[in-house]
Structure formats: structure tokens, C-alpha cells
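Across the two complexes that follow, chain A remains constant while its partner is chain B and subsequently chain C.
Entry: the complex of A and B
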């Protein structure tokens, strides 16, 4: 990739997703032109009808593994890619469509579609990393365009891209926003959510709903788990959310990410026990 | 003005003469005002801007602003923001790196600061600024950005006559009356302020106002209000035998207990007026011709903060909470000759998990650390 003569080849693929993350890349505007000079955009159907075959040096994948054919597709993509980078909550954590995980998917299909017999779907929606090796993960629903820009600039400069994985609160406080949790009693997920979005929800006076996933810092020795349980207890005890309201906070865009999944699971059990 | 005179009266109705004096010295005046629901340092240009119209209610993990009809001007004690935001800014550009024909060039961001007068700093915050002075300006290397901001700051403190559930400045001996490090101090009475000067610059400004000397009974009334605020504080920080007492608790089981509740979110350190940790961010542009290097607030609660090559020195929340408390209340004394805590209570008010620094210190050090007076 350091070779200046031949530009690295970039591909952008899509699986089960809404295209929002690809739009974030398109919204790079002027920087998109610079990107086009720095790399050869070989495959990006959302942006161009020129669709070239692999291999690719950098592959960005949007979307989760949700339908049977996705499993073959992602294996093919992996085989053709130097670096494989997931973009967004779907590709990185299974996305909003992972809300069906653990429920009866046939039941959902019957409810939603007039002809359920035409629908082929997997029981669970899962992140790319559960199927093939992933080199980098960009979180968010959608991803943050500044983060994409930073990521690609680092990569093209030959620097290993590194993003902070700590809690959103640090950025929120650096920007000196009013804390909606402490000052308004809003159930903000910021304390256990990964930084990266620029604290855009608290900036608008609303609680973070965790679209960047759990703040889990990875070290050579392993990953540190976000203390989502403690925040859930606080929502219940101090903010007086019902069990159902608590579990819904963690059962959102990143419900399949383990820290949120485990916490939601505990509160679901509590809620079920209450009704027994 | 004779040397024995040390306090004057400034009637609320004539407060604008004070603004004129500050303006004539080219100060931009800031005061804590409510903007978009939050208390922030905001530009004030006349006395009316100082009347806050809100009062704050601070508790463990909770902050509320309530509209008030009262004629008290400084009815808010403080918001999340302290003087730290003005002197050690959350983001500070430091260097711009530019690719040139010859290689790369480094352009240092020159420190620049405008003259700012803040009206409404509290005793705990003025004490915190003196602590930060030792951190950033003491020793062989001075922080030029802090220095520039600091030197152009005129501090007009307001003595507290009302404390919150989370305040404990009295036990830290930093307030509620501002002790040192201020230029001018005000104590609010019903229709007037008692004015004191604390520096040459403050004295010059006050003298130019030609104020009446405060009669004894008014000064006494002000002192009584402040004293009442001191005794109303229920929280007291244990200070017995520090820092050793905390060093001995390095292996306390309590660190694990607090870690079950702590979110490692860093809010406590972000709002603490003395915390000084920072990180450096480097942002290259897409054309890879320039890169901006910016200093940002960091925190010992950031799991990445204790990471050195190949090893994380504080891998768990228990390690990090121990680090925060042991440094703030203990080893700070060895390092900078004073506690790192002024008792402002912000870490406790703004903790989304409702963790109370004083309670945790008592739990770690043991109840008896409280009884004997340090």
C-alpha cells in the first residue's frame, strides 16, 4: 500500500443494512475527491457503476450476516481482500436486525410479509467477525464520517489506525455539554458507550442510545467489559425506570454486542420472574 | 485609602460602575449564567446579566436547576464547569505539521489569551486554581498555554453563603470564604456587596470605584452568613495521617466494592477542577499534507490511560478508582505539597453512578479516620 505508483484498490460491499454507512462515506464531499486520488475505487456500487473484480487492498463491508447467501458472500469477500474493515453497527455487531435473535424468527416473518414462503432468512443476525477474520471495526449507526476520514488517512499514511474505545462521557465533557443523566434524569448510555460520534446526542440535549456499542477497551491481555450492569441498576434505582424500560435501553441498535446483551438478558429475566 | 481599611460596600443599584471599571481596563467579563439549560461561563456586560434567576440543587449523582424569583443574584453555587475550562482548556491545539519540499516543518501554536475577568468564582475553585498553578507553573517546565490564560485572568470571587449536600470545602480548609489567590472578593447581602481586594490589580480597580468603607455591622453580617454556610456542610473529608493512611490501604477490599458500581466513565475527573491529565491527538488531513496535534483532557479512569508499551498498569476499574483517590487525596501531598481536592463536590454531584468521594474515602480509611480531628 505504500507504493505510490500503484494506488491501493478499495472496495465497498453491502450485506443486510440500510446503506446509511455508505452514505456517510459519500458525505465526505471534497475529501471524497482526495480519496479518489489516493486510492482506486474499484468496487462501490452505491457510488459508481464501474464495478471491477478483486482482489482489493482495502475492503469496507456494511451490513450483517442475515440471509443464508451472506455466509458465502462474506467468505468470497474475505478471500479477495487484503484488509477487511467492517463499517457500522450491522457489520460490527449484528445491527438493529439482531433484535430478532433469541426470538422466533418464523413468527416475525409471518407477521411482516404477505408471502412468508418467499423469505429466506437466518435465525440470527450476526456480525461479520463471527464468520471471517476482521482487521478493523468502525462502530456507529451510522459511522461517523470524521472517523472514516481519520481511518483512511492513517491507513494511507502507513500508520496503524487506532481509535479510542473509552466511554462517550469524556468527549461529552470535553465539549462541556450539560449531562442529561445527572441534570435531567435521562437514561443516557454514554457512560458505557464507546466514544466516536462526537457526543452528538447529548449536544442536542438527548440521551445517548448506544449506537457506537459498548465502551470496551481491548488490550493484548484481552478486552475490558463495559460495566453496563451498574448503569442499568442506576437507571432502575435512581431514575426509577421499570425493568422493561431498563432492558429496552440495552436492547437497541447494538443488542447483540455482549456487554449490552448480557445486561438486557438479566433484566429480561427479572421482568419475566415478576410475571410468574 | 488607609491600610487598615479592607472592605467596602458596593450597592447593587450601582453595580454597573464596576463593569465600567473592568471595561476601561479592557477586560471581557464572564460570569456563570444559564445557557441552554446548563451553567456556563458566559459574557456579561451589565449588572442585569449577573442575576441568575435560577438556583441549583446538588446531590449525590444529581443536579437540578430551578427557576427562582428570589432577589439573590448569585443563586447558583456552581455548575460542572470550573475555572479549569478557562485555563487548562479541554482542547488545545499545539502543533501543526506540514509537508514541504524539504521534508516536514513544525509550526507551534503560539499561546494567546484575551484579558478575562470572571465574576462568580467560588472559594473551592480559586483554591483549585492555586493547585493547578503548582502543577502547570511549578518546577523546571512551565506550560505556556496555561500560563498565558492564567496571567490574563482577573478573579472576582463570590463568597458562598449557601452550600450543597455535596460540598465539603470547610473540611478541606479552602472555603466557603475565599482565602487567597483572588483579585477581588464579593459577599452578597440583600441590597449590596461587601467588596474586598486580594491583589494589587484588584486593589487598583476597587480604589478607582471610590466606594464607602463597609460599616462593622455589615462586615460582621457577611462573616456570619459565610460561617453559617461552613457549619451547614454535613460532609467532612477524613484527613487523618494522609498520605500514609491511603498508602496502607493499597490492598483494601473496598476497591473491588466500588468497582462494582463505578462505570469508569471519567466524569469525576473531567469536572474536577484540579485534574490535569491529558492526551495528545493527531489528525492528518486526507491529502496527507498537514496534521494537527491537539492536547485534550484525559483521565486516569480511561482504561487506555494506564497503557504503556505492551502492558496496562491499571487494567481494572478497582485499580483506577484506587489510583484516583490515592492520588487526589494522598500522593498529591507528596507531589505538590497539598491535597489535590478542594472539596468542591463536583465529582460526587456529576457522577452518573452516584458514587460519593467522601463516603468512599471513609469506607476505605475506616470510620475512626473521621473522629480524630486532623
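Entry: the complex of A and C
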């Protein structure tokens, strides 16, 4: 067993989210007991009522910046943290609640609540990286627990963690699933979505809906996002989706991630022009 | 990170910055004046995420993927209430084997959620520990049993839905893909172990020290004529408000939500009175629907129903854990791959409602759909907003007997009551601060 004194201190915080990514940590089964030996779990309210003050060596944050108090909270968390790691689509890209971005939030509040004046919320739901420096980002809605396992193992072994950023298509082909886009003619987001889930949607016979956010490609000159615009055109031209249908494909779990946001924005504009 | 301070003799304040071992963030505010409890408010500060607003304008086929994201602990419940509502509207006939698969998927979620709550969230309270990891240092076998049970729930979800959190195969009409018999048979060995482990879990929960805290409750749960309720049934009421049964479509006539200032969750009342949903209510109302093996295991505990002590919720969860394992085995042993994993259907305009039983209680959905299949409005009543007033009422009963105790003891006692309900504050809309004001 690692000596008590040398164990790095781990914290897990939650902002606006569903708890699913934290649950992925609790679902590490017996490895959770090993993790407890390898690190000092100093702050993890979902798992323990022993809540210790920082500083922390590794801080995992689930959830997006969505309420006014989150802005101060994330600055405090950053100040107390050695490494700050976002876990999941909410913390990394604003999450599904970013679907309100660009909409009239006052209208949204009034839809759900009888007394809008009691509700405090920010206009936009935003990723942590728009507010403080983030050291690592784990994508996914939810994160994949194997990815968490690898990430923490690498980190604790002193190896810089790396995540695959290529498109889901590669993983899907390796698993030899029937192509949902080409063979079945369904609007699959696999070609532009980051790998990491295990290609579960094609495995289940349905189109990928982009939980892991936009894929990235590294070129000598730099990194570029997968070409979401080209895929959107294909949905329109070859699959005959309406503008609104194309738009909604990119306006899902990761609607605030730049590649998806830009594509959705273009199709939104086209849809609006149609009505003018 | 709890902060406890006093402000002189007359007026005292306790603040617990975060309630531990619940899903989500909330606060508790208590006013004590001249030794009388004036006010108990459970404040839910989980930031609003506006699901009901952004469901409007989405196609009905997108709803199951969206509502899953309300809760990472019980996504299946959200998916099930949604697809059942839409299927009622579209008059979809579900293949009996697909119906079985849906019950199996729900078994997976209940096993996962109940094992988590029994072993990792509430269990440590009875032992005076901070968490299950402390328990693992003295009793590793107990904690390993809990983690392994949870894993079996996760494996069922993964087999049917691709992953345990936010499974991907649920759709209106059935599933995008049905598992092979071989894939399900692969779960049987672990489930056979789990049957014994669940009986041991039930026996373990009965050895816990339950505080003397019996209350006159109104229980509300689904009730089905020939099965323990997951997906279908009428809304049954029992306990102090008398017996009643309602069609799910009449739910909103009898159960009304109101928006109070101290909470981002809407409070729901039955004929203006607080009520309790979840395992305690379900077991009290549906005990006769348990499988013979679960009935025997419950009888062997020597405990008699109805349970009217919220702390016995952990026993009710253990009973349900066993029931889910029994049912999962029965389903797998009689499963045949359906001709099609989903039923075709035609879109119709109209309104539709459905309620199913999330691990922590009844979950009601109501949608208005137009002729193109687009959602025009949505209303969702999660279990925790139904239990919220009941949690406050429980603490009002508890507080007079403990109000002279040390502040940290009061805080701990209240947190324990709240944890009995396994509140999912993310669902109800999180930040549990305990704030006690004492004045004279």
C-alpha cells in the first residue's frame, strides 16, 4: 500500500449536471477501493460526508457554469487545485442545458416555474474552460468509466494522459458494424463525433447522436475539427432532411461545442431565411 | 467542509455547506424560536436546467435521449415514462417479449440504484461512518458485495442499452435492437450469485439500529393487478389519507405542484397534503405482488408491514433488490428474441400521460404533441419534488426531540432523515446547506 503521506489529494465537485459522470467513478467497482488506496479522496460529497478543505492535487469537475454563483465557485476551485480536470459534456462543453443558449431564458423560466422572480440563472450554460484554465478534458455524456480508469492510472503512474480524438467511424469500422449512414440512410453523427463511447449506437442499430462532442484531427499546421458542415450537407442532399432536421442533429448534447455550434448556426440561418 | 458557528445564546445558526451522499445540491433552513420549531425548509438550489422548455420544438423520437439527461442515476425511468406516454397517444401495441425486456431494463436500474443507496449512500449512516470506503477498511466483504451487486445492475443495463448511464437503445415502440438469448444467458451466473447476495443484504439491513420514528404517512405508488409495478399500473394511495386509486391520466387532478420561493424544485401535494413515494410506499401497497422467494425472504426477517418508519426504507430497498433479481432471472429464462425489436406506429396529435416507478418513486410525464410529431409542451413531476414536503414534515417531527442537542448532532440527524428518501436533487432540479436560526 502506498504510504498515507504521499497520496495525492483528490476532489470531485459538481455544478449544473445530472450526476451521471460522478456515478461513473462510483461504478469503478473494486477499483474504487484501489483508488482509495492510491489517492486521498479528500472531497467527494456524493460518496462521503468527510469533506476536507483544499488544496487538492487532482480536481475533477462535473457540470457546467449555469448559475451566477458558479463563476465565483469555479475560480475558488481553480485556486485550490493542482490539476483541474473536467469530466463530461456539461463541464467540457456546456452540456445539454446549453440548448437554452441563444434562447430567451426569461421565457424558459416562465415555461417551467410559476414564479420566475425566485429563479437565479445565467443566460448561457458554458464550459469550465470559458472561465478558468483547464488541464485535461474528458468528453462524453456520460464519460466512459474505462476512460476515467486509464486517465487516473496514467496520471498516478506519472505518464501524461492522452485521449483519442479521431472520429467514431474508425472504432465503428474496427467493430465491423453495418454503416448506419451509408447502408441504412440514417443521419449518423459518427463521422464527426469524437471516439470514446465504444461505438454503442451503431452496435445497437441506431445513428450516433454526438455524446462525445466533435472529433479533432491533428495536422502538422495544427488541429482542426471534423468537417461537420460537409456532413450536414450530406444529411440535406442525400438523406433529404429538412433544414430544421439537420439543425436539430447538431443541436443536441454538445450544442455549445464550437464545430457543432457553427454548423447548427448556419442551418438555423437558412431555416430563418426560408421563413422571411 | 462543514461550517458550524453560534451567534450567542438566544439565536444560533448552523450551516452545513453541502449535504453528503445524496444526488444533487440543496440546503436546509430551520428557525427555532423560544424552543419552538417555527419553520423547516428544504432548499433545493440545483440550478434549473429547463428540460421542459427545450423539449418543446423537438421531434418525439428525440425525447428518450433528452430526458435521460435529467438524471444520471435513473435515466431509464425518464426514458420509460416518456416512451410509455407517447405510445399511449400513438396506440402502439408492444410485443410481449419487448415488454419483458423493458421490465428487465428497469430491473437493471433498480439493482444499480438500490445497491448504491443501501451500501454507499445510506448504509454508512447506521454505522456512524462517513462513507462506504471507511466500512471497506473493517468489513471489506460487505462493501465488495454491494459493489458487485451494483455491477450486475450495470451489466444488465449495458447488455440491453449499450451502457449503464444514459443507455441508447430505448425508443418509442420498443428498442433499436433486441439482445440475443445468448447475451442474456450470459448474465445468469452473476444473477444466481446475486440472489444469495441480495438475501444476505436483506438480512444485513434488518440488523441495523432503526431509530424509534414511526409516522402517519400517506403512501403513493403505482399498483398493477398482477405484477410488482415498474412500467404500468394505476396510481394507488394508502395510509392516513385513506385508500384511493386513480387512472394515471387523472394524476394532475389530485396531485398539484406549486412553486415556493425557497426551492428550484416544484412541490407536489396530494389534496393539499404531503405524501411519500418510493420503496416504502411501493412495498406497503404492493407486497402481495412479490415473487414467492422474495415473500419468503421478507417473512424470514420477522418484520411486519406496513413500514411506517422512513429509516426502514433501506429494508424496503433490499426487498426490492431481491425482487428485481428474481424477476430478472425469470425474464431471462423465458425470453425469446422478438420478431422485431420495435413496433411501427403512426404519429397522432394529442396529449398523453404516463407514470412509471423510478427507483426513488413515481415519475409522471405529460406531453402535448402535434400532427407532425413535434413536442409542443412537456410536464415532468419527479419523485423528489413529491417527497420534498414530506421530508420537511419529517424533520418538523424530529426536531423538537433533538433541538437541545449540539448543532452538529442536529445537522447529522436531519441529514440522515433526508438520506432515507434517497433524494435525487438533480432530478428535482443541488447545494444542501443547513441553516438553523435559534432565537427567543
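In the analysis below, the second predicted complex is superposed on the first by the 265 of 276 C-alpha atoms of A that agree within 3 Å, B and C clash if a C-alpha of one lies under 4 Å from a C-alpha of the other, contacts with A are read in each partner's own complex, and residues count from 1 in each chain.
Here is the rule we use: a residue touches a chain if its C-beta (ideal position, glycine included) is under 8 Å from a C-beta of that chain, and two chains touch if they have at least 3 such contacts.
Keep in mind the model is a prediction, meaning the values are calculated, not measured.
Three-chain overlay on chain A, with chain B and chain C fitting side by side and no clash.
Within the superposed three-chain model, A:205 lies in touch with chain B and with chain C [touch as defined at top].
Look at A:174: by the touch rule set out above, it reaches chain B but stays clear of chain C. In the superposed pair of complexes, A:9 makes contact with neither chain B nor chain C. Taking Cα centres throughout, chain A sits at the apex of an angle toward chain B and chain C that amounts to 110 degrees, reported as a multiple of 10. In the superposition on chain A, A:261 makes contact with neither chain B nor chain C.
Contact with chain B, but none with chain C, is seen for A:157 once the two complexes are overlaid on the shared chain.
Between chain B and chain C, the shortest distance over C-alpha atoms in the superposed arrangement works out to 9 Å. In the superposition on the C-alpha atoms of chain A, the part of chain A touched by chain B in one complex and by chain C in the other spans residues 205.
For chain B in complex with chain A, the residues that touch the partner chain are 36-38, 40, 61-65, 80-81, 85, 90-91, 260-267, 270-271, 283-288, 296-299, 302-304, 307, 310-312, 315-317, 349-354. On the chain C side of its complex with chain A, the touching residues are 1-2, 17-25, 45-50, 52-54, 56, 58-59, 62, 65-66, 69-73, 75, 116, 120, 124, 130-134, 136, 140, 143-144, 147-148, 150-151, 154, 161-166, 168-169, 171, 175-177, 258-261, 264, 266, 341, 377, 415, 424, 426, 430. On the chain A side of its complex with chain B, the touching residues are 28, 31, 34-35, 37-38, 149-150, 152-154, 156-157, 164-167, 169-170, 173-179, 181-185, 188, 190-192, 205, 215, 217, 219-221, 224, 226-227, 230-231, 234, 238.
Across the interface of their complex, chain C is touched by residues 14-24, 26-27, 29-30, 32-33, 36, 41, 43, 45-53, 66-67, 70, 95-97, 99-100, 103, 105, 107-109, 111-115, 118-119, 121, 141-142, 144, 197-198, 200-201, 203-206, 209, 211, 245, 248, 252-253 of chain A.
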